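Here come two complexes built around chain A, the first alongside chain B, the second alongside chain C.
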Partner chain A sequence: MDMNFVTNLLLASVRMATPLIFISLAELYSQRAGLTNIGLEGLATIGSLAGFMVSLLTGSPMLGVLAGLLAGILVNMIFAYATISLCAEQIVYGMAINIFAPALAAFVYRVYFGSGSELVQVKLMNTLSSSVGITPSNFFARLLLDQTFMVYLAYALVVFTAIYFNRTKSGLNYKAVGEYPKAAATLGIDVIRTKYLASIICGALAGMGGAYLTTCYTTTYVDGNVAGRGFIALAAVIFGRWSAGGVLLACLFFGFCDALQIRLQVMSFGLPYQFFQMIPYVATVLVLALIGMKKAGPKSCGKPYRREER
Partner chain B sequence: MEEILRMEHITKRFGEFYANRDINLSVLKGEVHTLLGENGAGKSTLMNILFGLYQPSGGQIFLHGKPVAIDSPATAVKLGIGMVHQHFMLVEAMTVFENIILGDRNTKGIFIDRNARRKEILELSERYNLDVELDKPITEIAVGAQQRVEILKALYRGAELLVLDEPTAALTDIEVEGLFRIMKKLVGEGKSIIFISHKMREVMQISDRITILRAGETVRTVERGETTGEELAGLMIGRELAPSHYAKVTKPGAAVVSLHDVDYQKKSKHNGLNGVTLEVGRGEILGIAGVDGNGQSQLAQLVTGVIAPEGGSVDMKGSRVATFSPNGFILENVSHIPEDRNKMGLIGNMSVMENILLKETGDPRFSDAGGWHLKRKAMRTYAEQMQQKYDIRCTSVAQESRNLSGGNQQKVILARELENHPDLLVAVHPTRGLDIGATRFVHDTMISARDAGCGVLLISADFDEILEMSDRIIVIFEGKIMGEYPGSNPPIDQISLAMAGK
Partner chain C sequence: MKRIVSLALALMMTVSLTACAGAAAPAAAPAAAPAESAPAASEAPAAPEAESKDYKVAMICDSSISDGGWGAACYNAMVDAAAANGWETAYSDMIDQSAYYDTIVSYCDLGYDLIYAPGNQYTDAVLQAAEEYPEIAFALLNGGANTPEKAVNGNVTSLLPDANQIGWIAGAMAGLMTESGTIAFIGGMELDTTKAKYQGYAEAAAYVAEKAGKSAKTLDIVYSNSFSASDKGIEFAKAMIDQGADVFFGDASAVDSGARQAIDEANAAAGSVKIYDIAQPADILGQNECIITSQVTDNSSLVGLSMQAVMDGTFGGEVIYGTLQNGALSAGKISDLVPAEVQAQYQEYLEQMINDTFMK
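Now for the complex of A and B:
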């Protein structure tokens, strides 16, 4: 194993972690307001298709990401209305999003592109280094410069989230909604508004995470391209103990597993490639089993908030 | 004196049910005004309307003589109303400091200015002697301290009128004294307090005026000096209630259960037992007195088979207990009124009928085919008989038990635990949170079980209850037995000292 292998592996880990960071932060914002949204997979899928189509039509991956964000919000409003206004079961509606959104994405794709086997390709987002026209040579320069705008945005969001929840008044109020909405309401915090806001943020970030896959990662859209990242992100939030920094570390770990499995597949060792494909998922299962549920997340997660409950 | 609040003709309906009907209330500046009433009399509903949590179906609220519409707690806070809820509105995952500044709108800026806020809070806490540790998480401070945080929270938001909803329910006597000192200080500084309670002794001690509610309506407002506890109790329940005197049993029957030198986690001061020896005879009530958290929970779990002793032995009806399991004890005919009826006594999402019959499903009266087929009709008939006999007030026996009031929930448990004539009844805080009427019912039922030959182990933190009910009294402190006293003419001073560990 040469140095090049390790360097490439680490660089790939960062790339693979990026969509997970977006999707995990989406879940973090949702759960911090007491909404357990397991529909991330669906939200990311619809974001991925919207990103793909808009970037194909306009030639701009940036507009693609924006489209992914809007599509995510739109679909998540179904979840929001059902669980916040109608007090429906969060797990059921999250599951509904997971069934509905990928089906919708597949349908739109077929209608637009027909069912031919030819894969349509789009241009990917430029990295910082290529847009300014330099070719970084050493590892750290590549790590810092050889990345797309989305990667920088992901890390900026992690920092922002950490500051928001720990240092600001608004962040403290937001967390109170997820912990004890009734107490928050007695202090004049608008619980319903906070929950809708959380759903908008969740839809936007999950949609962007999906759009990353078709604007920065692969040049095509195929059904199932989110490949369980929505569920890995759920695990990352638990593994990351509901904090922005923890979620980042968890995502980097899962990203590393993903990058590793691709490289091992190529090296093959005579084993079927599916064996290596399991790695990120096995890692998820192991992590959840090992860290357990000792410190549960925000207390009101999963419970509907009714205003005049007796 | 200036009138700070007037509520006129307040009505609140939940469906067909009137929680409040045409209620009038007037509160003066600088007074402690008590709202007195049994559970379900509409006190909490009225206060939730005042605080903007519920919208009234009719009526008008005036503050300082001006009509106001309180559409949300935020508005109430702005108008200078602060409320300390019966179930504290504290976020457990946060610190005391964070809880106090939560939802703060008076300060500018996006970020939390910790130093400035701390200074403000500490000034308030000194002025009103509200001693709190700002950096501790809520989970690590005692109930009394949590309550001080709640009061501080209200004052920090500029409350002029404070509502304290059953603030003494969860406090020890010493903590209650502390709370009353704080209340006096607050009214001395010109704040007004609405105090909600149904404990007569406390009401007579702290109130300036008292408004009595019954079944959602105002009965009367009286000055404290013009009334007596007996009169108030009569107004509150709508009939005269003769003071209760149960005859004491001095010669109990053979031992039902006896503990010899029992240890359980004996190093733990609050959750252990250390060399406990005691005996409960047939037809007597043994009262275990003590401040909460001195091993009472463990004692109860031990004599119901939930936990096994780590040292010593337990005899049940003369034979040594070898294995400890709840089912084994149930088969020995031990009944249990657990300390937390919602967590241990009832399955909230199941109906009254199902809760009454939980222990009887194997009985041929209610099932055949070895329990694989339930006789719903027989179960329902039986449950309805129990509903009559124990005066359980519910819409039907099919109603979910979590929707019942505390008193009626306790009656469901009594029906299940006492109907099969137990040999031993373990009752832990059996009347905690119940109103006078329900308390009397529970006590009467326990006394008749005793007279039918049942041995009763009564564990209670309510000293009055221990004195009223017990034929013998044992004091427990830090898992040890401090002494045994007779139930008739008990030496109250000695017992009080023993409860404090002296």
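Now for the complex of A and C:
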């Protein structure tokens, strides 16, 4: 195990954490407005397909990301209308999105591409270094320059979110909706509008996270390519104690653990591969034990808001 | 009003799910399966027999049929065999392990004549369904040699390409082409056939390299635990390249596609193609720059034999082997990246494998 191993491991962690950051931020915005949306897997899946198809049709990965964003918003409006306007159970509708959206994605894929077995591949988004024509040689140059626009956007969003929720009046109002919507309403905050706004942001970010997979990471779309990231993102929000910085650290931690198990599997050390595959899960249990399970999330999460209710 | 909208939303989701079931929701798969039918009976080539019965085959698969690898090759094998024999086809792909049995029996209930399950992992589900549906034939690609004996109704046939020979075909090329002396193999699930392929790959590469006056060490097998996580393929390949691997082979469907993407990126960064991949089980030379050849398994001939047996009423209780000797296994086209003398040497080794003199 040398310096090369460590640097490549860290670079892999960043690669693997990026889609998680988008999807986790999506959940953070949703929960901060009192909406527990477990449908992230479905939203990311539809975003992944939309990103792939638009990228293929237009040759522009950026338009693909935009399509993923719009697809995520569109699908999440089902969740928003059902849970905000109809006051339906959030967990049930989140689960429904998780079943509905991947099935819809598979259906659209088959309708468009037919039942052919040809592997369709798209061109990925350029990294900053390739766009400006330089070849970064050392670790820091690769870390900072050998990334796509989406990676910079993910980290910029983390900074923006941290400032927005903690340093702006609008952000504090937004959080108030997630904590005690009736009190927020008495202060003149439009709770319903805030919740719909949260759903739009959630759909957009989760869709972008999915689109990242097919416009920046892999050249193909395969059913199931989101591979549980929607559920990991849910854990990351709890891990991160509902703060942008915490969510970032949680995503980097999950990305690091997954990258580590892959690299240790390759190095083998004569141990069964299952030993390495359990690393992310063991690490999760250990960290949860260390940071404790104390509830720190928004108080109105999961509860429907009825304006007339006393 | 809200109730009406709620009902409309629920109905919309239900209808969508039903429509999608053929591709992604195995429990309801057969509802949509006929829509996936390859040539309709009227469009299909004339059946080789005079009977008016329309035969139908259904494939279940836990990977995607458009994965550019295993799923695609198995699906094409069914379609080709069906076209040759005048059968209708249906499939359900991307099904979870928990839905293997339910999907199979759904097709059984719809009156399909042959259930085609391409993978050792379906053995338990197939045996259970075969016991409950004695009149239906089950073809298990990569099934165990003793699986047909376990079927109480004698209606299961194992189609068994020789996994060790598959490994040899790829390993001989890897041993000849490696310059670093390190080669790699990526597995999807820990299956007996995957382990046998790895074994054959490693031993053939070591043998051939030694004959060429060099060495070929195969990195330990790794498993992605998925056939669809192409991102895992990327990360595995990058990690293996860091360990010096310069020839890759795999048995992991879309994960292999991800590995090829990483290899192409590494070659592009180096400015020349020095890291190679050997594809399987279809000949896909040209799909990626790094592919130097493919190990080809003619699954269609094996599936075709099963169809013929069903039509003849002789199906069941046997193992149909696929080997280099009977032509079911072969090497695909070879890239220009492989020097002419290496190609000639490779052909010699293939001849030895056919003549059963390889490594003897």
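One rule holds in what follows: the second predicted complex is superposed on the first by the 278 of 310 C-alpha atoms of A that agree within 3 Å, B and C clash if a C-alpha of one lies under 4 Å from a C-alpha of the other, contacts with A are read in each partner's own complex, and residues count from 1 in each chain.
The working rule: contacts are C-beta pairs under 8 Å (C-beta built on N, C-alpha and C of every residue); 3 or more make two chains touch, one makes a residue touch a chain.
Note that the structure is a prediction, hence the values are computed from the model and not measured.
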Chain B and chain C placed together on chain A: clash or fit? fit
* Once the shared chain is lined up, is A:K175 touching chain B (first), chain C (second), both, or neither of them? -> first
Request  = Kindly classify A:A289 by the partners it touches after superposition: chain B alone (first), chain C alone (second), both, or neither?
outcome  = neither
Of chain B and chain C, the partner touching more residues of chain A is C
Could you tell me if A:M3 is touching chain B, chain C, both of them or neither one (first, second, both, neither)?
neither
Looking at the overlay, what does A:R167 touch: chain B (first), chain C (second), both, or neither?
-> first
>> Tell me the contact category for A:G188 with respect to chain B and chain C: first, second, both or neither.
In response: first
Superposed angle chain B/chain A/chain C, CA centres, nearest 10 degrees, is 130
Distance floor for C-alpha atoms, chain B against chain C, superposed on A, in Å, equals 17
Overlap of the chain B and chain C interfaces on chain A comprises residues none
The residues of chain B that touch chain A in their complex are 14, 51, 53-55, 72-74, 77-78, 83, 85, 89-94, 98, 101-105, 107, 109-112, 153, 157
Chain A residues touching chain C in their complex are 4-5, 8, 12, 15-16, 78, 81-82, 85-86, 88, 96, 99-100, 102-104, 106-107, 109-110, 113, 115-120, 135, 213, 217-220, 222-225, 227, 258-259, 262-263, 265-268, 273, 277
So, in the complex, the side of chain C touching chain A is made of residues 2, 5-6, 9, 13, 16-17, 19-25, 36, 38, 64-69, 71-73, 75-76, 91, 93-94, 190, 219-223, 225-226, 228-232, 234-236, 238-240, 242-243, 254, 257-258, 261, 269, 284, 287
In their shared complex, chain B is touched by residues of chain A numbered 167-170, 172-173, 175-176, 179-180, 182-190, 298-299, 307-308, 310
